[in-house]
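You will see chain A twice below: alongside chain B first, and alongside chain C after that.
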Partner chain A sequence: MLSYIIRRVILFIPTLIIISFLAFGISVLAPGDPVERLLNASENAGIQNKAHQASLIQKKRHELGLDLPLFYFSISTLAESNKSNLSSYQAWKNYIPVIHYYAGHNQYHHWLYNIIFRGSFGISYQTQLPVVREIKARLPWSLALSFISFLLAFGISIPIGMYAARYKGRFFDKASSLLLFLLYALPNFLVATLLLVFFANPQFLNWFPESGVQDALNFNEDWPFLTKLVHWAPYLVLPIITYTYGAIALLSRQMRAGAVEIFDNEYIKTARAKGLPEGKILWKHVFRNALMPIITLFANIFPTAFVGSIIIETIFALPGMGREIYEAILNYDYPVIVAVFTIFGFLTLVGYLVADILYAVADPRISYSKS
Partner chain B sequence: MKETGDNGKNTWRIFRKNKPALVSFYFLLFFVFIALSSDFIANKQPIYARYRDTNFYPIFQTFANKNRVDSTINPVTKKFEKLQFDITDWRELPLQNVVWVPIPYSASEKDKYNMGYISPSAPQFYKNADGQIVPAPYILKHHLGTNNIGEDVAAGLIHGTSIALRVGLISMSIAGFLGILFGAFAGYFGDNKIRISRLSYILLIPGIFLGYFYGIFIRIQDLKTAFHTGLLQSIGQILISVFIFSFLIFICYIIGRAPLKVSFFRMKVFVPIDIFISRFIEIFDSIPALLLIITISSLFVEKSLPLVMAIIGGLMSPKIARLTRAEFLKIRNLEYIQTAQALGFGDWRIMLRHILPNALAPVIVYLAFGIAYAIIAESSLSFLGIGVPADTVTWGSLLSSARADYTAWWMAVFPGLAIFITVAIYSLIGEGLREALDPRIKV
Partner chain C sequence: MKTRGHFSLLFFSFICLVIICFSGCKNIPSNDKSSILVTSWKSDAATLHPVCDPPNSARLLIFEYTQKTLTRTDLRTLQQIPLLVKGLAEVSADGKEFSYELRNDIKWDDGSPFTVDDVIFTMKVTKCPMTNDANVRSTYDKVKDIIKDPSNPLKFKMVAKEVYYLNKYIFNELYLVEKKHWDSAGVLDNISIPEMDLPQFDGNKYKGLAEWMKGFNDGANGHDVKKLCGLGAYAVTDWKTGTYITLTRKNNWWGENDTSAYSRAYPSQIVIKVIPDDQARYLAILNHSIDADVWLFTASYLKLKNNKDFTEHYYDGIRDQALFNLVYINTKQDGKERPKLFDDKNVRRAMAYLIPVDELNTTMVKGMGTRQASFIQPMFKKYYNDSLKLIPFDIEKAKELLTKAGWLDTDGDNIRDKMIDGKKVKFSFLFTYNGADPANKEYALVIKDAMYKAGVELIPDPVDLSLLQQKAGKHDFDMLIAGQSGSGSVPDDPEQGFDSKNWSNDGSNITGFGNAESDRIIELSNQAVDENKRADLLKKLQAIVYDEQPIIYLYGIKRKVVISKKYENPGMFTERPGVMLNNLKLKQK
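So, the complex of A and B:
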């Protein structure tokens, strides 16, 4: 088992490195100059004259290490690399490749070094705060929302899936299948918009607040946690519904499919012939064996909980990770984008490993040491 | 294992028995019909109009000539007046006789008399032939309401149909092509089928470098220009780049086959194609597709629909590659493939004619679900305002107008219904295909 996990981790390292390349590449290719953005964001941008601003940009660029080359090496043409010497320009020099090697003095190396040895993902261009602190502030919202909705989804969909499989082909099965299918085909932004139109709208039902998580006028930071929770609750109802319905559809279908297969087995017939009560057969014999496909979904919980949902959090204006990423994308906040992608890749690895371990726990026949 | 060749009929027979799937299929045909004839369903120009004793067929005439201009004689002043078809507001003319299309508005036409979220049931106005603004008659009403800038929702839905169908079809064609290509290579050749001399293997690195330099790096300007010019030029330039790239790698491979004295270089080693492609698939598996689609679409300053389709297609292809790879792995060890190899058939022939037809079933099922996903992805992008040009009316962009004002329920319900029905149709067709091709397929 241990050797399997170690092998799995080692195999994942190149993937993780390439994900970091990908994230880094995305941020490098992104249009717009981050330094100008940063300076515009700071208050005294408009006051200085142009020459002063240019020197300021130069300084800031140096400070952030953005004047360094991007990677360990770069490719250019011979003509480009001796640009300073214009007199020696010849057309053929455009067709000769030149490789420059920069050793450790490059942006990627510094970035990697800071993550591994300082645990730092750099400073957000947008808020000028460390990215790690940003993520720490936003993460609890996404985690809370995801875990509440995962619990709800599991709690609702396991009985639905089990009973649908038990009464296969009867009314309950058909009705629930149809309903779940309809839910499955509804995109989340549509559900979110419809919920807002019908339940947060003075013209229909004004049951829930439209967006955000708290009322700026009434909210008090010093409240005890329970009071805060009561204050937050109405804001979170619609987002949680939006988060949950899709998961319910997916989980119930998986649960039903898994349980239907188990019901066909001879040992279920034996259990019935023995006169075991139906409830015991359902939950002790079928449920435990039908759990395997559900475990696979555990692998996705970590990363999904981390990233929240871009669309749901944007629509409901929740201060979670999804909205953080969306804002970072819109504002070309590279450090945040790169950090999120890298952490995401890492969490996916953790998810796979947890699922593998759960498999081995749930089914003793699975052994990783042999292969 | 079924032969797809002679069981096409059989597949259709089973598919037909699945009533929801069959109904969905007919619905899809209906949507295709709407998309093809959208200009005759929603158009601000009439089909036929009699104006100043002359017969006009504006839609057909604009069809034949985009900038058609006719002259008519003003009966009062007896002077010639120009009638430019595409900018004339036919609703304001004193027409003697007129046949409108069912929705007499175009998709991105701004109706200045009905701006600011006019509900389907609210009073609506139009400017009549005498220049007065009066309540609109039934035929000129916005039956599904308007958005903030006065665009007709029904017309937007009709024209959005063709965009949604195109996005689904084109992006999944791209995904299917790339996915099958890479999946087939990974599955068929695996890690121990292709052997080349060690020198060739080592020379691949400079080969890729040179291929990148001459194929892409120094051609970057040409490629960018082609992307701005059009689809055909883009494909042409990409093909030239791919050709240069492969040619240089091929040259390096040939050099690597030189009969050297050093046996270290001459020794044959395996090329682990499967490991490379599987790693690649794994990378895309660890990041949710929608996050990548949103991120990469936002990188491009210029918004364009073909680009969005290419991004969605490219990012969906690893999933198809994984399915194809698994099927190829399974099939390549079957006896009939070994027989084919023993008969001396070439790899290409075995892959294309003997494995591919039997490996397609899960891919086809996935494509149906993938089209549904691509439509959701595109509407999510339009909903967020990323990637799709602002003047292109899509279902997602219509729905996003509801975000600005939640009291405008018609902006959420009708486009939402359109997206929902299309996604449901494709999912049901996918289920039907799964049942007809092989119920054990899991995608």
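So, the complex of A and C:
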């Protein structure tokens, strides 16, 4: 198993390079220009008010290193290469490819070099702060919400799924199926808005605050963590419900489907015939063998927790990664976009590795050793 | 059964969690710290650097209370008033020199007096090509130099390169920074303002400049609250990214005894909550958890108006603001990629008749928009040409004009066509808009329906905002809808949008409007220091633009302001930020 893990970790490196290359390529080739966006960053600058000359854009582009070639090499035609020499223009030159090599003077190289040797993802165009600092400020909220939500989702959906499978076709199974399908069909922006309207509204139930994560007037940085936790809790209830309900629906259905299949197996019947208690059959034999699809879903926890949710964070005014990513995309903040893509890719790889290990733990028949 | 035991355990855990949350709920205090005022803003500030990019509306709001300018627009009268100077500028006979005298009672937070050197330093650092402030630097292009008065250390004059009507407002938005705080070694002393304007300016020639600039431009200067200092009554004391920013009233502030409304600082703290969502903002007002707001959508505002609790606890009002919607027409389509549909002014006028502006006003902003016939909003009474009649929605009139221009439906497919350069061209075009704003789609669909009735095919073309700007700059569009904003105190310079040279150089004249006469009027109006003369010229220009119809003006968007009735002085204003939070005084119980 250990050698398998080491091999997988080594394989991370080329995969990550490909991920970073793709992320970088997609983000810089997307329509729109970060410099033009930056020079029109004022929310109050209309089209007519953009008194910005080409030279200004050029300077900014140079300052940000966006005037460099994208990659180590580029391919053009001989005609394009000799553009300046118009007298020598000949049609055949359009058919001769020319490769230009830029050594380390390209955007991708600078970006990769800074990550590997300086641990830096660059400076955000918008906030002018290191991207790592930006992510550090936002990440804890997204992680906290996601992990609590996943914990709740797994904690609630697994018993529901198992119970529904155990009593397949009975009232609980039918009722939970109906309810879960309904939940699954509801879009999260609608649920978020409804929760606000019903539970943060003095005209209905004013149980929770309507936005933010803490009270600006009373929150004290010096409080013990538990006090802070109690302070934050009511702010997080509605976002967590919004985060969780969809996952509960999906996981319960997956769990039920997996468990129903196991219940039909001969070895379950044998276990029952042997007189094993129903609880033991359910949790030791059925649950363990029905876990595979759940483990597959579990692999997505890490990347999903990292990126948060744009819609939920916007509606509840949460300072998480979702809003950060949304603003970065809106403003063509390449350093943030590429960093997020790359970390997301890395976490996806980690998730799949963890899932593979868990497969082996859950099912002894799965082995990664060569023998 | 054990299964039930597990299930019960989980259920019990969940209930415990809910109880913890509710126990937390009880800890949520209402906004009972009475001298703390809470407002909301739709976005966080990207940076609070006093000079560097990028500016945004949240930063402007915060700078209202943490920074000061030499002069400003009085929100109540929309006239320019002095703040840190004894009076408005004395202008020289040639209109190029503006003399000021600083007040002698102004001090920085460290106790140092505010001097002319600070003004010069601020202008230098703003104009320096090495400063990361490309967004605002061009505003100060017309400043040639600032010269100290040798006989009076409080006096100086700003010398402009040319006569320009906005020169006298040049210090309205220049937030002063302290030379001693930023440049105690005097690195910028070795460089003059005119040197910074030279095309061959090379910062590396000046000893220590590049290094100093690196430090000045550092993003941390715009985020570390300890580094944020200004002449305003408040200082930023807490900034929770994406959540809220707290401003706290300074002790022993220089303006404590000043009686000006802009020097009052009644709230001990101003908390600016970041609330991007309109529904959450609406609920925050219903919950009384914010005291003042200017970002409500029209529908939410009208809903609140019908709420008894709201009317009991909040003042509210709607105010004009320098923000309106408009539809640009590309009058100079290339004839290749884009057929020349709009080169005839009859066609452009027909398009104006085909946009149901009143219906859009009713549907989109519940009739609260103010229609306008030209590029100057009616709230600028002195400058607005009220002889121009609003163009009504009139399909028959539009059909008549299109027929007159040679556009007929020759093949019976209900889309008009015309032979152009020997080719049959259908009257079908792209209507480009920012797809991120769902309201734009509504505009496109309503206008599409109306146009189809006159045999014109509009194809909605949603694009990203940045792409929209790119397309507009390169004249790569047929028709596009956008918003425009500006100053609420004085109409914007029409040169950017209407001078013909700004079309040929891919500038901001995106429609292709302009001729020798309109260019001359623009030049004269920009040089007209006399407001009446300028108003006459701008009215002439409006008439020409109206006749040519390169742009169809829809309506101005109102600002919806709410202020808690806990406060006195609930001023609501046209100009940004719409309220004077510093002037809201808690009523005596």
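As a convention for this text, the second predicted complex is superposed on the first by the 279 of 371 C-alpha atoms of A that agree within 3 Å, B and C clash if a C-alpha of one lies under 4 Å from a C-alpha of the other, contacts with A are read in each partner's own complex, and residues count from 1 in each chain.
What we mean here is this: a contact is a pair of C-beta atoms (placed from the backbone, for glycine too) under 8 Å apart; a residue touches a chain by one contact, two chains touch by 3 or more.
Please read these numbers as outputs of a predicted model, since none were measured by experiment.
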**Prompt:** Touching A:215, do we find chain B (first), chain C (second), both, or neither?
**Reply:** second
**Request:** Look at A:200 in the shared chain and tell me whether it touches chain B only, chain C only, both, or neither; answer first, second, both or neither.
**Result:** both
**Prompt:** Is A:29 touching the first partner chain B, the second partner chain C, both, or neither of them?
**Reply:** first
**Item:** Which superposed partner A:330 touches (first chain B, second chain C, both, neither)
**Value:** both
**Message:** Tell me which touches more residues of chain A here: chain C or chain B.
**Reply:** C
**Request:** Would you check which partner chain A:310 touches, where first means chain B only, second means chain C only, and both and neither mean what they say?
**Result:** first
**Asked** So, A:67: does it touch chain B (first), chain C (second), both, or neither?
**Response** neither
**Prompt:** With the two structures laid over each other on chain A, which partner does A:80 touch: chain B (first), chain C (second), both, or neither?
**Reply:** neither
**Asked** Looking at the overlay, does A:233 come into contact with chain B only (first), chain C only (second), both, or neither?
**Response** second
**Complete:** On chain A, the footprints of chain B and chain C overlap at residues 31, 193, 196-197, 200-203, 210, 314-315, 330
**Asked** Touching chain C in the complex: which residues of chain A?
**Response** 31-34, 36-54, 56, 59-60, 63, 123-124, 126-130, 137-138, 152, 155-156, 159, 162-163, 166, 193, 196-197, 200-203, 206-218, 230-234, 236-237, 277-280, 282-283, 314-320, 323-324, 330, 332
**Complete:** So, in the complex, the side of chain C touching chain A is made of residues 1-3, 5-7, 10, 13-14, 17-18, 20-25, 27-29, 31, 33, 36, 38, 43, 46-47, 49, 52-57, 60, 129, 132, 134-135, 138, 217-220, 222-223, 238, 240-244, 246, 271, 273-277, 279-281, 283-284, 286-287, 289, 309, 328, 436, 463-467, 469-470, 472-473, 482-486, 492, 496-497, 506, 508, 510, 576
**Message:** Considering only the defined contacts, which chain B positions touch chain A in the complex?
**Reply:** 209-210, 212-214, 217-218, 279, 282-283, 285-288, 290-291, 294-296, 298-299, 301, 372, 376, 379-380, 383-384, 386, 396, 399, 402-403, 406-409, 412-413, 416, 419-420, 423-424, 427-428
**Message:** Using the touch definition from the top, list the residues of chain A that touch chain B in their complex.
**Reply:** 14-15, 18-19, 22, 26, 29-31, 75, 77, 94-95, 97, 181-182, 184-187, 189-190, 193-194, 196-198, 200-204, 210, 303-304, 307, 310-311, 314-315, 325-326, 329-330, 337, 341, 344-345, 348-349
